[in-house]
Structure formats: structure tokens, C-alpha cells
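Comments concern the structure below.
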Amino acid sequence: MIVILKENPNQKQLNNLKNWLVSQGITIHESQGVNQLILGLVGDTTGIDIDLIKALDIVEDVKRIQDPYKNVNRKFHPLDTVVDINGLKIGGGHFQIIAGPCSIESEEQIVEVAMAVKKGGATLLRGGAFKPRTSPYAFQGLRQDGIKLLLEAKKITGLPVVTEIMDISQLDLFADVDVIQVGARNMQNFELLKKLGTTNKPILLKRGLANTIQELLMSAEYIMAGGNPNIILCERGIRTFETATRNTLDISAIPVIKGMSHLPIVIDPSHATGIAKLVPTMSLAATAAGADGLIIEVHNDPEHALCDGPQSLLPETFAELVKKIEKVRAAIA
Amino acid sequence: MIVILKENPNQKQLNNLKNWLVSQGITIHESQGVNQLILGLVGDTTGIDIDLIKALDIVEDVKRIQDPYKNVNRKFHPLDTVVDINGLKIGGGHFQIIAGPCSIESEEQIVEVAMAVKKGGATLLRGGAFKPRTSPYAFQGLRQDGIKLLLEAKKITGLPVVTEIMDISQLDLFADVDVIQVGARNMQNFELLKKLGTTNKPILLKRGLANTIQELLMSAEYIMAGGNPNIILCERGIRTFETATRNTLDISAIPVIKGMSHLPIVIDPSHATGIAKLVPTMSLAATAAGADGLIIEVHNDPEHALCDGPQSLLPETFAELVKKIEKVRAAIA
Amino acid sequence: MIVILKENPNQKQLNNLKNWLVSQGITIHESQGVNQLILGLVGDTTGIDIDLIKALDIVEDVKRIQDPYKNVNRKFHPLDTVVDINGLKIGGGHFQIIAGPCSIESEEQIVEVAMAVKKGGATLLRGGAFKPRTSPYAFQGLRQDGIKLLLEAKKITGLPVVTEIMDISQLDLFADVDVIQVGARNMQNFELLKKLGTTNKPILLKRGLANTIQELLMSAEYIMAGGNPNIILCERGIRTFETATRNTLDISAIPVIKGMSHLPIVIDPSHATGIAKLVPTMSLAATAAGADGLIIEVHNDPEHALCDGPQSLLPETFAELVKKIEKVRAAIA
Amino acid sequence: MIVILKENPNQKQLNNLKNWLVSQGITIHESQGVNQLILGLVGDTTGIDIDLIKALDIVEDVKRIQDPYKNVNRKFHPLDTVVDINGLKIGGGHFQIIAGPCSIESEEQIVEVAMAVKKGGATLLRGGAFKPRTSPYAFQGLRQDGIKLLLEAKKITGLPVVTEIMDISQLDLFADVDVIQVGARNMQNFELLKKLGTTNKPILLKRGLANTIQELLMSAEYIMAGGNPNIILCERGIRTFETATRNTLDISAIPVIKGMSHLPIVIDPSHATGIAKLVPTMSLAATAAGADGLIIEVHNDPEHALCDGPQSLLPETFAELVKKIEKVRAAIA
């Protein structure tokens, strides 16, 4: 970390700063610039809040040279992480397609969709049991019963399953779930992240609607600092002023994250756009940009599609899409 | 809710839609517009997801006439809610100033700040025990010990206290806390909101960094639907492209919320701007815009200010500000 | 346009509204909904400002059924527009790659880059003569001299050229320019758009940094309403809170625009990301998403790269990229 | 400017960089930090594009110590600028209220509103002759005829007038206009700014919908660098994800700008919110935050309000507001 001081800093405040830094275990290397004194801080600065120092009257600016994330940082772990999901691999060239309905509604529904997406080329099954809903009056999911139905579909199809946790207290119900999803609204639920860090379950960590890529990596760092390296990042759209899509899918997050971190990154085009007819195109774009996987909503029955999300694909559209995805993967290989 | 259909809708899909609506307890009133058939839906539509219907092929658009929030809606509760905090009132013309340090660090610190802000005109004491921090390596607060110190400061000064909860499992520790704060990052932690709805504690609910005003009201609706009407809303800045301030304080949220809801609304200029020297000005602006209160960071000792946030005021600056706030309140009365 | 009135509207105001609508040449079709009176407006409503009507006390909401854009609307022109650039076609399956330096600096430079990008697979040459720069102290481009040099490079390589206009008064200088670019900051310079509508030059219209897709189409509508249908739209990144990239490239704009309009759409990954190493990946993503072309910055000489933008590719990187682009195009064909 | 190099930079590239900097008239002062070499650049760096240097492979980061704006910078001009509008002063404690209709429609209308706002307390008259409209089919203003009517209203009431220019070619028409407004969409129409810099007219420069405060100051710098110091800045709302208001009024821009620049800053609450009933509250907030003035839309006749913007106040509401504004000004004095 480099601290650039203002010209002629108050000496008492400067001494306060230096003493405090030393008390934090930091060694200070001073170098006199043309008008400014510059402090080079040596040691572990990851616990130092850059904003605190920036705000001091005597400080012109602070520049972090060390990234604030360590475990998830590609600099210290140059090779791609490959997350093993009971034998199924993702990352480091392994590409997986997660598909399934928005909400689990009945055994018939989840099993039917599970078989359809398996046939269409999905390698993991998704389905929501605990549903984060803006309105307290909207369907909140089948909750523990939903998890049971999802595990039933897993048994029948053999597909590993991904489903969302909303609170620490639900963790016991996820014993047989293969990948635990942390939703966008919980990306900075730090107590939950800490708890998940103590498990060894693969975690699918979604980027918050208004979170920067660095913040996403810091949330992953919470999990990894707790001892769990099995993290799959997920970009699912960010909030902007554009209203034609539900959110704006930040495809550039793929190469940016690949530069910063070794963790696999998957894309959720369904929630990002909120519009089924945009999902195939955005899936191909994400694939071309080097995503390690996709998470796509598929519903079972157009006659009852009302209960599914407006972003859900029909199984046959999904199956056609998977073929195109494979072609794009081959093209960029 | 009004559903505007496309011209010449597919009759089978139209029947599916109508049957589904009826199954949800809705009565349908059809009226033939010039080119479009329009369905007027009568009944409780708060549980119907507008996006689901909008996404149907046969639907041009859906317009919600009923707001999705009921309990917090001013239409159904025209008078201002006055939240009673152990005798101290906020809302309906009652204005309160909450002040204190960002984090509780020691008994000496919290008691000293508590006495200083009381003297300066604060009527409630704030201080963080559980600290939501972006980095797992940053100080996470004194946690339960912090709550004990805060309650000690309460005993000494008589000021009611406000502090943040981060997880349901911490609730027992808040028995003697006067106002439970839900932070911006937990605004859509729906499981936590549901739990807080079962208490009768005043809840200070902060707007998320990227949440709309309607979403803030929906989160308040979660608490109120659970039976707890003691909610104080808080605007603390939203994320925009501007970098001169940490976030952009949305002052217009005050009159907008006052139009939509009967709940009191307070402003947090400290976190919104992240810059101490902007706090007085923005406090006055918020007061002039009709806020029901302010929540302001104050630190105790400029010599050790490094441990406080860059947005913290000195006690004497705070005391001067309180006097100006009173003048502005008189000016708009 | 459908106007939904509030319950029990003031009759005098309602009559004012109806009379005014009739005075604008609109026929009104009333239909009584369950609680609301609904006015269906028949006729050309494109000139009616929806916000004006929405703001009336008696109006609950207004829904535009007709899009506000006509000439650029795919509904009225279902086939893709193919823009002819002196024999070179773009749109309707014709894909073009525009490449060149950020700024034209010298004859040697522009000719050298022109030959390099031609060899690498570019089909049009770009280069800035008039440069919109945030700072008045930054290099403002070679201006008319730059145009001359660009035309020199055109003569030598045979590549049609694209360059930016910044003011109506410069138009005469663009007589031999093949495609006139309107930059993001001028997207809503309506006087300039009107003037360009009176020419028959192909116009490359860039989306503003904070403009919605509909606003981009409305700006294209200005040009087309003036009589010039030769418009190529360009997405070049929008402003969001993310700071890892200069802007956020909105790849979903490609399928969204293709649904709304018949005009070709090209992507500028160089300005969107501002980082050369992200350009290849984002070019492939844009191609996979169905873009009609790309506009890519290429500089000539790594030794002097300082004068080029940080987003510029080396000619050899560009040439490799073009090969991959072709593969992705084949994959999605 | 301080350039922090990466560890072990390529020597050839480093020499290229140093030579280039020297060629730009910069003196380099090297200081060896703990791991990094740091270059302190001395001289006029305002013309150096920070992004260009940042993008070099050998550069870790660049920190501008000098602000990129000089003429408008408070550091070099500590006292508030007071703009003189034919004897009427704004800035440096002088507060002015600009009011009038959105568009000039007829002599009767503009004269009637002018007399009403003068009576209500306005000190300048605004009215749009050239109207930037998203749609080519919407009313584009009375243009030159509108200017004539505005000047007629000026003659009758004695109020100085403010109206918007949209293109350089219109400048001659503004000879008798007192303040030339540059709209948000033209904030970075650099050719127009340069031209206005050659006049000595007071310029009301509006912040673009997605422009940072620094960019606003850079646009003002264009005008001032041209020789015209008579600039009044205007904040009129920025684009965010919030939809309850048309834009989000960034009140914190007032104290931020006052710290960065000596220029007066006025607030336009009418366009920012787009909702008449929010205008009084936001006017008071802006006043409390230290604005040097307000620009408020007022229409003449509720019976014909349809032609005015939804953000326009009635003359009597405006007159009441002015009284409250005076009270708030006294409270913060």
C-alpha cells in the first residue's frame, strides 16, 4: 500500500498515522517525492481499511498495490480452480450446463423437467425450494418439502442438484444437495458466507445486483478464508438505467474475473434478462466470452407456463441451444 | 390490475390465462378497447407476480392499479405512523437525532461519545457491534461484547440505543436494545425480515445500495405483515456512476416515501457521502426536505480518529450542526 | 395509447383532456373498466408526450401501445436493413469489421495501420480526426488535416473510411468520407441529427453512455425522418457503478435492438472496456450474440503505443482475432 | 502526477515512457519505493491522458495530484465567482430564482407567466425556444420566434432572460438573451462549448444525465479556457435505477462543487424530479445545502396545463415556495 501525503503535512497527525500503522504490524518505507512524502507500507495490509486512511486530513491519496483478496487471487494461485461436484468437474476447461425450473412446484413437475433437461444436455439440475421474493404475499417456495422433491429428481435422473439457501438455520436441509447457491441478495450476508466457509460443499455465489466484481471476489474470499475452496462465481446481471431488460448482463465480468481470480465463473442469462427469447443469444455470447458454465431456466409445460418465470425456455428450445453452445465452444477452443 | 392484451390473442392461451386468474381468486371484468381487449382484475392481486403475466405471448402490458404493499401504504393508513421508542417518539412531526461512533471499540470510547452526543443534542445513541465488512480480514466488530458496552453507555446516559443485527441467530442479544437496525446489505434478507416481524421492537430498515423505493417499502411490508408496525425507514445513499461521494444520497426519497407510506423516514448522511465535511450540509438538506430524523456518525477523539470512519464528525461540529438543524426545522414548520 | 383514469375523475379536467386530445387529431374510444374509465386513443400519437398526460391529476397511468418510433421500427419494416457503403454491405447477414487507430496522427501512421488492418481482415478503416476530449488541454485531433490523411489512406488501401463529426459546420469536410460517425456524446445533438437526415451518407450512430435503447432508436428516427435510411447503430458501453471496465458493454442490446428495429447494429468493444486485453473476448461475445459488425481500435507500433488508446490491439493480435471471429460466425450460422 | 511502476519493469518500455514524458515538457523525479519505482512528474500535466499511461504494461497505477481543471479550480481562485447578469449578481452569497415555463408558446403565455413569476419573487425569467426533444415528432419549440417572444416578455417585466442554445449556428439569435443555457444533452458538445468560450455571455451549464461532477467542471473549463469566466453550473438530476422520480437529484453535488470550484451552482428541481409536487421540497433541500439559485418551471394556467410539463408549479404555489426559500436561507445564514 502506498500512502501519498499532502504537501507540508501536520507533523503530529503524521506521527499518529505512523504509530498506528506500526501498531498494526506494518513496516513503513518513506520516500520523498518531488512535492509529496510517500509512505510505502510493507506487511499484510489486507486488514487495513483504505478509506480510513484516505480520509485523514494529511493524506492526498492511498493506493493499494496488494489486492485485498488473497485466497481467491490468481496471482497466488495461477492455475484455474476445478471444482469437483461429486465427480463432475467445473472450471479449468470443464464446462457445465445447469438447468431446471425457477421454483420446485410438485414431484411431477421437477422430475419431468429434470428428465427433459438431462435429455437436452444439462449436466446439473437447478430448482428453487426457498424463494427470495420481493413481496411477502408471493409464493415463498415449497421450502423443506421442495428440497425433498429436488432430491427425488436427483435420484431418478442422477443429475447433481443446485438450490438456494437463504439463512444459516436452513443448512442442515442441504446435506444431500450437491451445490449450495447463495443468491444475489445474500452476496453480502457475511454471517452466511462465514458459515458456508466451514463446510466443504461447492458454493454457487451470485453477484449482487449492484456489486462490483471486486466485492464479489471479497465475498468469495469470506468463504475461502473459512476453509472452503469450492466456489463457483455467477454473474446474473447488474442494475442500470436500461429498462428493456430486467438487468444488464455484464459479459465483460467473465474475462475480468478470469484475470483476477482462479475460480470458475458461470452466467445466468435467464435472470439477467428476464426475457426467454433473449436467453439463447446471451448464452452463446457468454460461452464465446469463455464462461465455465451456464445456469438456464427451463419449464416443463407450455400449458402451465404461467407458474414459471417469463425467462424460462421450453425443453426443446433448450436442447437446440445446447447444440449451438457446443459449436461455439468448439469455435473458441 | 389491468391486463392489456395484444390484438387477436390466441384463444387457447387467453382461456389458460383466464382460468388461472380465476383459480387465484380473481374476478375478471372484460372491456373491449379500440384494438385491444382489456381485462380488469378484481380481488386481492398483491400475490400475483406482474412479470409472469407480462411475459405471456398474448399480453401487451399489465398495469398494477393496486400498489403491491398494503400495510405500509399511506392510502390505507393516511395518518403518519409515530414509532414509540420507550417513550421517545419519531414520525408525525417528532424529529430525532441518532448519533454515535461507527464501531463500538471500548467502554471508555462508547461512553465518552455517548455523553458527548447527548450534550450536543442527540436523542438516541448508535454504535456498531456486529459490523458488516467487505473484507473477512477487517475488524468484524466486538459482537456480543460490543452490545454489552453499548447497553452500559445507555445505562449511564439514559439514551436509547440503535445497533445493527446481521443474522437471526443474534436476536436474543438484542433484548435490551431499543431499536434494531437492518443494514443496507440485509434489506432483502427476507428470512431475517420475517423474524423481526414477529417481534415488537422498533426496526430501523436501511435502503439497499441498489434498491428502489418500492422495494424498500416491500421489505418493510415483510416486517409489518408479520405483525410488527414499528418501522423506521432509512435512506443512506444509492450506487451511481458518480465517484466524488461514496454513494449518492437520494434526498428526493423523503418526499416520495412520505407520499407512498405513513412510516417515518430518517437520513444517514454519514454513510451516504463517506466524507465528514459533507455531513453537515447534507443533514440540513435532509431536514429541509422533511426527514423525521438523522443518523450521524460522531467520533470521540481526533487523536485516535483513525479507528473511526472518514465520515465521522467531531463532537463540537456535531453540536453546532444540531443548532442549525433546529433553525432549519423552524424555517420549514 | 391507452389512458387509465383515476376513480371519479374531476369532470371539468376530463373534458379539458378530451378536448385537447381531439384538437391534436386523436379519436377517443371510451371503455368503462371495473373501477376506472379507460380512454383508447386512435390516430397518430407519436407526437404526444406521454409524460404530460401521465402528470394530470385525473390520470392513473398512460400506456403507449404504438411505439414512439416508426421509420426504424421492425414492425413496419420486418426485413433487415442492409446499408450499402459504396458497394460494401452491412446488415441482413452481411458482417463487417471496422478497424484503425483512435486518432489520426500522421500520414505514415494512418497508412501503416490501414495496410495492417486490411491485411488482418478489416473491411473498413476508422480513425479520429475530430476528437471529443473531456479536457480542453488534451489533443483535439488533426481536424481537417486528419480527414485529408484518412482519405489518403483510403486511396492507398481502397478501404472505405469511418470518422466522427462533431458539429454541423464540419459537414462539408465529410464529402468523401464513406460513413459519418456520431459519437456517444452527440447521440442527442438533435440539430446535428436533423442535418444528417438531409444527407444520404451512411451514419454510424453510437449509443450515449447513459441512454436507453429506446432513446438510441429515437435518435435514429430523427435521421430517418429526415429522409436518410442509411443508419448503422453502435453499442459502446454504458455507465454503471462497476469500475473494473471503463463502461459496461451491454451485449444484450444486440438481440433487443434486433427485435425492435431493422437497422444493423455493430459493437465497439475497445471503447466499452477501455482495456486492450478484454477486446478479443468481448468481440467474440458480440459476434456470438449476432452483431452485424465490430469496430476495433488497432495501433501500428508498440514502440509508440503511448499515443494510442489503452484499448488498442496490435495488428497481429487483431489478425488472430479476425480468424476466431470467423469461426464463431460459422458456429452460430 | 505520480506514476507507480510494477516491480521489475521492462527497461526498454520504461525508457520509452520517460522519453515520451520529457518530450511533453515534463520533468521526472524518481523515487525508489519499497518494491516499486515511483515517478513524480513535474510540470503542466493537464494535457496528459492519465488512461494512456495507466494502460502501459509496466505501470501499476497513476495518480493525478494536480486536478485536470485549472481555471475553474477553487485552489487557484479561492474566492467565489460572482457572475454579473446585467447588474444582477449570482454566486458569492447572491442567490437568484429563475422561473418560467418549459416552452414558450405564445406572447400572451410568456408575458403572463413572466409577470406572475416576477410577482412571486423570481429574479430571472426562463423559457424554452429551442427544445431538445427525444422524438422528432414532438414540438421542437418556436425557435427564433420563441426568442423574440421571450425578449418581449423581458421588455415588459424587466426580468433578465435565460434560454437554451442547441447549436453554434443559433448564436446570433442570442444577442439580447442575458444567460445562454447549455442543456444536459449538450454538456459535452465540445465545439459548442469552445464557441461559447469566445463570447462574454453568462452561460448556464447543465450537468449531463450521466456525467460526473469532474466532467461538468471539465466542460466549464472548456468555456473558461476560451476566455469566458461567466459560468453558472446547474445540477438537474442524474440517471440511476430508481424509477419513482424521472432522475435522481444529486444534492450532494452542491457542497462537492463548492469544494472543487469557485463557480456558482444552481439546482433545477423541476427536471430532476419530473413531478410538480416534489419541486417545493427539493427546492428547500437545495437551498439548505447552499445552492446559489434555483431554476423552477412555472406554468400560467391550470386550465391549459396540458401543454406545460408535469413538473410545472402554479404561480401561487411558486410564490409560497419563494417565501419558504427565504426562511431557509435565513436559517442557514
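Read from first to last, the chains carry the letters A, B, C and D; within each, the first residue is number 1.
Here is the rule we go by: a residue touches a chain if its C-beta (ideal position, glycine included) is under 8 Å from a C-beta of that chain, and two chains touch if they have at least 3 such contacts.
What you are looking at is a predicted structure, and each value in this text was computed from that prediction instead of being measured.
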A student comparing B-C to A-C should find more C-beta pairs in contact for A-C
Taking each chain's centre as the mean of its C-alpha atoms, give the chain farthest from subunit D.
A
Counting in whole Å, what is the centre-to-centre distance of subunit A and subunit B, each centre being its mean C-alpha position?
26
Intercentroid distance (Cα basis), subunit C paired with subunit B, Å
39
Chain-centre distance (mean CA atoms) for subunit A and subunit C, in whole Å, is 32
Subunit D touches at least 2 other chains through residues 210, 239-241, 243
Any idea which subunit C residues touch subunit D in the complex?
16-17, 20, 46-47, 49, 51-56, 68, 132-140, 166-169, 185-186, 188-192, 194, 208-210, 215, 218, 221-222, 225-226, 239, 246, 274-276, 303-311
Quick one: which bits of subunit D touch subunit A in the complex? Just the residue numbers, please.
2, 4, 29, 31-36, 38, 40, 42, 60-61, 63, 65, 210, 239-241, 243
Using the touch definition up top, name the residues of subunit B that touch subunit D in the complex.
210, 212-214, 238, 240-245, 248-256, 259-260, 272-273, 277-278, 281-282, 284-290, 324, 327-328, 330-332
